[in-house]
Amino acid sequence: MTLSDETAAATKIFFREAIIRALQEEMQADPKLTLLGQDIGAFGGSYREFDGLFDAFGAERVRDMPVAEAAMVGIGVGAAAAGMRTLVSITYMDFLMLALDPLVNYAAKLRFKTAGQLRAPVVVKTTAGAKGQGVAHSQCIEAWLMAVPGLKVVAPSTPADAYGLLKTALREEGPVVYIDHKRLFPTAGHVPVKAACIPFGQALHVRSGSDVTLVSFSYMMTPTLQAAERLNAQGVSCDVIDLRSLAPLDMATICTSVKKTGVMVTVEEGQLTCGVGSEISFRLREMLDGVKIARIGAVAAPVSSNRVLEAASLPDADKIVTCVLTLLNGKGG
Amino acid sequence: MSAHELLHDMLLIRTFEQHLIKRRDHGFQLFSSGEEAVSVGLCSVLNRDDQLLCSGRAIGPALARGLEPGLVLAELLGKVAGPCRGRAGRGHMALPAQGFFGAHAVVGGNLTIAAGVALAMQSEGNQNLVACMFGDGACGAGALHETLNIAALWHLPLLLVCNNNQYSVSTPRAAALAPQKLSDLAVPFGMPALTVDGMDVTAVRDATREFSDHIRAGKGPAFLECISYRFTPHSTSARESRPTAEIEAIQALCPIVRLSSQMLMDGEISQADLDQMKKDVNAAVQAASVFAEAAAFPDPAEVLHDIV
Amino acid sequence: MTLSDETAAATKIFFREAIIRALQEEMQADPKLTLLGQDIGAFGGSYREFDGLFDAFGAERVRDMPVAEAAMVGIGVGAAAAGMRTLVSITYMDFLMLALDPLVNYAAKLRFKTAGQLRAPVVVKTTAGAKGQGVAHSQCIEAWLMAVPGLKVVAPSTPADAYGLLKTALREEGPVVYIDHKRLFPTAGHVPVKAACIPFGQALHVRSGSDVTLVSFSYMMTPTLQAAERLNAQGVSCDVIDLRSLAPLDMATICTSVKKTGVMVTVEEGQLTCGVGSEISFRLREMLDGVKIARIGAVAAPVSSNRVLEAASLPDADKIVTCVLTLLNGKGG
Amino acid sequence: MSAHELLHDMLLIRTFEQHLIKRRDHGFQLFSSGEEAVSVGLCSVLNRDDQLLCSGRAIGPALARGLEPGLVLAELLGKVAGPCRGRAGRGHMALPAQGFFGAHAVVGGNLTIAAGVALAMQSEGNQNLVACMFGDGACGAGALHETLNIAALWHLPLLLVCNNNQYSVSTPRAAALAPQKLSDLAVPFGMPALTVDGMDVTAVRDATREFSDHIRAGKGPAFLECISYRFTPHSTSARESRPTAEIEAIQALCPIVRLSSQMLMDGEISQADLDQMKKDVNAAVQAASVFAEAAAFPDPAEVLHDIV
């Protein structure tokens, strides 16, 4: 990996390396940017997604913190509001529950309540999703966050998007929740050699098709694209959209696709109830009539570390294929 | 800050609240009457570039920090002339440009935020400090522990000021908190901690000065507990739950009477000067009232301003 | 008020009194039921909804607690799991954010993760909604809770339902979040003299009409019913449903009504994004075709204590009327 | 519990984990090797009707509490023969009917729960107690503060046992926690607090006994810090972050070697008996392995069982 090789158009790097690169560049550009997290210093983070930053920027700017999620976010928010720029790493999204008070009750409302006197340019970086770690280390609560006025929420599925969205997050003027997925860290992909941000609120059209629109994000893009491939083999052509940004939500891209296909299936790893899929469906029905819609997500159960039960609870390519075929064949949505 | 100024600032808070309670248009308020010495003693030591954060009991702290009474009143009444255009109100008032980073109505919620502000100051490498006022009630919250620990670890320039007014709403401090002194809570973290008489403005000022010297010298945080008494119920809309005898007894401790009698006795102020000070303060509150009343309510469309 | 008068069919009492009665009866019936909360003892609770219970049952069973929401819920849950039955009062729902770890990461998953060995019969009683108290004392986060497998969520709008649902909550075998609304406490209504529970998962059909189905719950039933009245005067006949129970959700009652009207408008005080309305809409479209749907909720902003801004941010009868008329006249949803 | 039994239980944990680490089918695990004396010393004092709660580092505590190794292994491997039918796994194992209320993988998350269990016990009016084991890492969490305060206020029968193994993942305790001793954290709340050598099983046992007498006498909670060392990385899938010299040095502190050499020296056990004990323990682990392997994985349909 030669990040400095400016001649090639793109380099292939791991997801975790894309994060490191974004952090590195932004920390270089903005001396006020400071990282806070558990085991992000010399250890380099649980997924090595902070590797090398401690050596490059030192203990003042890459700060290990105690297990105190509320204070981690509160301090990150306070420091950001007072003129720094901070990224707070909450290892698992489940533990963001311990920090919703500073995030939601304070940071998300700060600009509003001070009539613009204060803003909190803080990024809360966390990981969602299941990877054998059980009921309290597997949850996806992005739908909660999407509903909070004042928060922006992004969730990349590729190294390129991780890189570009994280850079954008680090230049935002208000709180952003940036969500990785545990299963993405070891994946690889091409990232442009030239530094570039990816604007929030722009979904990516990743596969063209005419029969059905599949909408997903984060790790669920993997089974979604597998399903698209399999469906293609069965003569069902899929248009596939990677949301990337959950708040703001790019309904225009979805709408353009569904105008063509007339059918939409949303795929998320979190709970269906009051989830991303239901929100997209509602907004879509305000834009288009007569669309067939289905949503796919976790079954309504905690996610066990047990591999049989974990698999049973989560969406996979099989379930997506079945759902699409049922929807296309039935009178549906 | 001179004794005259301390007295003046305490009088201003009391007079402001006495004006406010007579109005019908303030929704409800959390008063600092009786507890003026804590805010005023503390703020008398703060520099222009220090920052103060406080709980939802914010009138005393805001005025002590030097915010214009007119601005404060406008904010409390929901007028756009307030520093937050009337949208923060009692619980969330802020004017960071004047060193008042703001109130936050979640009990204990400003503690970690204050530590963050202190981190930002530390990283700027100046000698400013952050003071965070909170109640005895907030001492039951885990946020205090997390803040104490990290502030101590990182030697943050943070002065934690517990305004222990003996109650969290109706709950007596002893029924909610096991420690003998609340300042004991800071001891395990190796930071200086002290409990002082919060009805004695000079005691608060002197302790604050000692701790602010410590903090400005880069030696890390400190914890000051001020024992105070609120003269009114928890809020203007809350039922009084304290025994009458107790309420009567604490009137005798009035920090304003205490300082002014002392000053009169010591010949530091004459009765005439004191009367004049009261008149001046009254006039200032009157002017604030005129200013705030003349100000407009926000346009409903403002509800969508300044969100993301 | 003569609660003991068994001859009358119903007595008119205040909402807060209905709560007291339910608590009183259940505490009498179950000596293991203990209440935990801030200022619920001699003070009787912020809304006097615990008045008299301290005198009747003493400090051991009506326990004042410090401001420590995480521990309040954690202790309530632990005690319940170990054989007691507890009700934990979290004065404002905003502060439930401080206690989501014990509630969601522990209580909601306890039965599942222990394969039924442990359950936590705890009721978290809280209040939602705006009443001039500002950005951190006004939120409605019931949609978050609906999405948590293992939690039940109810939100009454009348004294009778407060009474009946709270009694049921106190007999449940797992965690229940019971939500009051600050503006409901001073309202009055008839409550049956005879003790009776109201089962969860049964919406109430509160007004009959043929043109449009209005679905709401909690305090929003007030503007919804006002709107129905006004719409009626304009010749629009409204079927009105009070959900009462959000998890489980009674889709059957909604479906029956919308089969008749063909039009549904949901009204909630919380955020629309990933809200109750979008969830109901999605489930309904899985049951019925061609329904016109709109949802009403708070604007996407924090709720200020400022009365102008508070009013501007929340649904009211005017907005409901306008929405219904627009939907009926436009090609809509 | 006799020295023989203490030794046996520590050996069982070590042997069990040595077996487990050789398998490929366990996902990943958090080991107690090196820290056996803490769980075993503690559990040797617990009565049948006491309850134990612990963190995600649960193998030591579960076995020390007397759970059948076969059941524990089945649970860790995700088999329905586990007490939680394999759905709790490493982080959430529980068998409350045998006094193991359970593990909880949220750091600090079991503290308030344990206080609740203690409240239930107190309300039953018996002399049972609840012990909650947690790491040094958990001492940074606000939940500890809230629990200490309420447990002290209510005199709950709660023994807080901090298994201070010097690290939270890679973070040295001194980098995460300001207090000199972690037991100092309990002092402001007026409860007995002690720091003991957690590599000395008899020291842990004796301190536990002292505190359990205190608690069973209705005098309220106590805090025991045990200084221990983990012999392996944070988890079987985590990178080792400690200097090699440090890891080598701590091997010399092995609690099993320490007790067994002492017993050999004192003639409390013969080499032959020790060898036999090792064989017995090996056989027990072997049997556990056979049992667990024979057990089935759950049916996928079980995912919807026992939810509400």
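The chains carry the letters A, B, C and D, assigned in the order they are written, with residues numbered from 1 in each.
Basically, a residue touches a chain if its C-beta (ideal position, glycine included) is under 8 Å from a C-beta of that chain, and two chains touch if they have at least 3 such contacts.
All of these numbers come straight from a predicted model, not from anything done at the bench.
Common neighbours of chain B and chain D under the contact rule above are A, C. Seen from the Cα centre of chain A, the chain whose own Cα centre is farthest off is B. In this assembly, the C-alpha centroid of chain A lies 41 Å from the C-alpha centroid of chain B.
Measuring from the averaged C-alpha position of chain B to that of chain C gives a distance of 36 Å.
Note: centroid distance chain A to chain C, computed from Cα atoms, is 32 Å. Residues of chain B in contact with at least two other chains: 87-88, 92, 104, 106, 109, 140-143, 146, 149-150, 153, 175-177, 307.
The set of chain C residues that touch two or more partner chains comprises 65-66, 68, 70-71, 94-95, 101, 105-106, 112-113, 134-136, 149-150, 300-302, 304.
Under the stated contact rule, the graph of chain-to-chain touches is complete, every pair of chains being in contact. Considering their complex, residues 38-39, 41-43, 46, 64-68, 70-71, 94-95, 132-137, 299-302, 304-309, 311-313 of chain A touch chain D. Contacts from chain C toward chain D in the complex involve residues 32, 34, 60, 65-66, 68, 70-71, 73-84, 86, 101-102, 105-106, 111-118, 149-152, 174.
Against chain B, in their complex, chain D makes its touches with residues 140-146, 148-150, 152-153, 175-180, 184-185, 187-190.
The part of chain B that touches chain A in the complex is made up of residues 51, 83-85, 87-88, 92, 94-97, 101-102, 104, 106, 109, 111-121, 123-124, 142-143, 146-147, 149-150, 153, 305-308.
Within the complex formed with chain A, the residues of chain C that make contact are 70, 94-95, 97-98, 100-101, 104-106, 108-109, 112-113, 134-136, 141, 143-144, 146-150, 247, 270-271, 273-279, 281-282, 285-286, 289, 293, 295, 300-302, 304, 331, 333.
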